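My questions all concern the structure below.
The chains carry the letters A, B, C, D, E and F, assigned in the order they are written, with residues numbered from 1 in each.
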Amino acid sequence: MKLAIQINEGPYQHEASDSAYLFTKAALQAGHEISRVFFYHDGVNNGTNLTTPPQDDRNIVKRWSELATENELDLVICVAAAQRRGIVDQGEMERNGKSAQNVADGFRISGLGQLVEAAIEADRLVVFGD
Amino acid sequence: MSTLHTVNKSPFEKNSMSSCLSHSVADSAILMIEDGVYGAIKNTSIAGDIDSAVKEKSIYVLGPDLKARGLNEDQLIDGISVVDYAGFVELVCANDKVQNWL
Amino acid sequence: MATIKKFMYVNRKAPYGTVYALESLEVVLIGAAFDQDVSLAFVDDGVYQIMKGQDTSGIEVKNFSPIYSALGDYEVTKLYVEKESMEERGLTLDDLMPLVYEDEDDDWAEKDSITVVSRAEMAELLEQQDVLFNF
Amino acid sequence: MSTLHTVNKSPFEKNSMSSCLSHSVADSAILMIEDGVYGAIKNTSIAGDIDSAVKEKSIYVLGPDLKARGLNEDQLIDGISVVDYAGFVELVCANDKVQNWL
Amino acid sequence: MATIKKFMYVNRKAPYGTVYALESLEVVLIGAAFDQDVSLAFVDDGVYQIMKGQDTSGIEVKNFSPIYSALGDYEVTKLYVEKESMEERGLTLDDLMPLVYEDEDDDWAEKDSITVVSRAEMAELLEQQDVLFNF
Amino acid sequence: MKLAIQINEGPYQHEASDSAYLFTKAALQAGHEISRVFFYHDGVNNGTNLTTPPQDDRNIVKRWSELATENELDLVICVAAAQRRGIVDQGEMERNGKSAQNVADGFRISGLGQLVEAAIEADRLVVFGD
């Protein structure tokens, strides 16, 4: 089955990203296809490459990047939400005159249409939030 | 058509559990995850509502979230089933759609 | 053949205290271009989103309530508001913005976009959807 | 010793208003801000609790948050006073400490 | 003269669902070095923070509940747990971790850190503080 | 009077930062001293210099920076919370081998002791959160 995932909250503050990650991993193990993971609202903060979490805790950003690489996942950060919150890729950096880009490996920034499209194409949409 | 409902907040903190219970039709599946698992416990001030719900809906609780919070199966209201993440995925697939009460 | 899905945006949160109401409206606007069968539900504190007379000048936040009035132009014309949610909050239809659309199948007659439904009817509406959007 | 309590969540969504009411002693000051202002409105399902609180505590609501949400002074429960941000600051200073019910 | 203030950390949220419980505990540990008169309140869902038997391996999150047992070593020995909050949640003291400290003024005798108080007593405790920390 | 402010939530997602800003401005206008504004939990995200909010909305980060400059405010971002969430200054960038720094003007990163110290020294602590 084709599943689309939406994540509304950032890393560490809420369990949403943890739950979504464990759900995604379990779905892949069961042989399902994850057609897209869409990061919206504060969820865009899962895609920053600037975190250095405590060594005795999980590294939320890194394990999303790794899961994406291993399974060719499409991790999409909403551009409108990202602009409000300071998540920037090379293109956004140049367009908006920012001093740096901070998007982690395996994530890409795109529009809200990607969420709607995922909801149309997938068999199920599952949302993790606050 | 059938719906899987998820609830991720403590019923003592937020209205999402109660809203889920009153907006889910008979034969729906309800899965408690994250802080929602506190709703599955016996002898609480809201256990009566869950007891009634168990009679006409299928109520599940996510085991890993239950264990994280120091809770175990003995403390569950009768009729609630424990699932793991694989079971969560199965519930999503077995129902036609998902309503996440955030 | 392109499938048309029944999309429902389930609005349960008040505006301004959190961003969910505004950002979910942004999805509705983008989603309108995808030609699906779209409706919006206003349940619990979600009914506060369409209160009339919102004036955000004192909190220096953008007042986005006018966007709801524009939904008709995007062919988003099915807005279901739950009766019990209004009653618990001491509200009546008069407290809400009058949201209308022009019906192209009826000589562009102006019609109400808002339908007040009971909690039981809202539960049935949720059942009838293919996709439920939650924020 | 006197305490200013603030509540910033809708009483229909979260338990913070009710927890504030039951944990504030007589003569306390309570200020509703952000989504907490919905608690100040007449004819709601929780208006009775606020009515009782008004009798022994000083209840305030933040005007800018009220107006943002399309509410006005005519809709307030009797005995609740509207303050602006300057009034919020005065309440903080006039009481010995602040308990923010988050 | 250095002032000693009465500091109370008011814990009202469950652990793991949100980070507030963990990060507020980090403040308590740092704050212990400042020699203030510190106490912790566990109210509403805050009582869940000190449940015994927490096992987070299944959610791959750090189990920080052992830190509560170490509070006594930081001379944080006044933990007030609200009776009504426990009862509403179907909990008794047996469901909570036994938290103790060694009393240096009483020949290092082991004593309970937890005091169960009624809601009315909790309200009075809040009144007696100089600073209330909220997360 | 000396007031200390604590902010637990990031920009835009919650009203906390807006309320804290308007409160701080009103306190300064009334002649009070703001001894410190401490950004904790997701509140650290108020201190990123990478946001580009919509032009018809308030710029939360920028107005904090400006208020700090005009009134010599001490805006402190908690280092532990910042590491979990990806807010990085020059020193943190070098220490943790990150590719960029993203702390906005007028903010500084420091330890949790700064919150406790503020609570000791100020006459009042006011917390804005979720």
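Methods note: contacts are C-beta pairs under 8 Å (C-beta built on N, C-alpha and C of every residue); 3 or more make two chains touch, one makes a residue touch a chain.
No experiment lies behind these values; they were computed from the predicted model shown.
Steps from chain B to chain C, minimised over paths through touching chains, total 1. Shared contact partners of chain B and chain F are A, C, D, E. Just count the C-beta contacts per chain pair and the biggest one is A-F. Chain centres were defined as the mean of their Cα atoms; on that basis the chain farthest from chain E turns out to be C.
Copies chain A and chain F of the same chain sequence form an interface built mainly from equivalent positions, shared numbers / all numbers used being over half. Taking the mean of C-alpha positions as each chain's centre, the chain lying farthest from the centre of chain D is A.
For the pair chain D and chain E, the distance between C-alpha centroids works out to 27 Å. Between chain A and chain D the centroid-to-centroid distance comes to 38 Å (mean Cα coordinates, whole Å).
Chain E has residues 16-19, 44, 59, 61, 131-132, 134-135 in contact with two or more other chains. For chain A, residues touching at least two other chains, in rising order: 8, 12-13, 15, 19, 22, 41, 54, 80, 84, 125, 127, 129-130. Contact with two or more other chains is made by residues 8, 12-13, 15, 34-35, 64-65, 84, 97-98, 100, 102 of chain B.
Going by the touch rule set out above, the chain pairs that meet are A-B, A-C, A-E, A-F, B-C, B-D, B-E, C-D, C-F, D-E, D-F, E-F. The touching residues of chain C, when paired with chain B in their complex, are 10, 12, 43-44, 119, 122-124, 126-132, 134-135. For chain F in complex with chain D, the residues that touch the partner chain are 1, 3, 8, 15-16, 19, 22-23, 25-27, 29-30, 32, 123-130. Contact residues on chain F toward chain A in their complex (touch as defined above): 10-13, 41-42, 45, 48-54, 61, 80, 83-88, 92, 96, 98-102, 130. By the touch criterion given at the top, residues 6, 8, 40-41, 80-81, 84, 111-113, 115-117, 119-120, 125, 127, 129 of chain A touch chain C in their complex. Contact residues on chain B toward chain C in their complex (touch as defined above): 1, 3, 15-16, 19, 22-25, 96-102.
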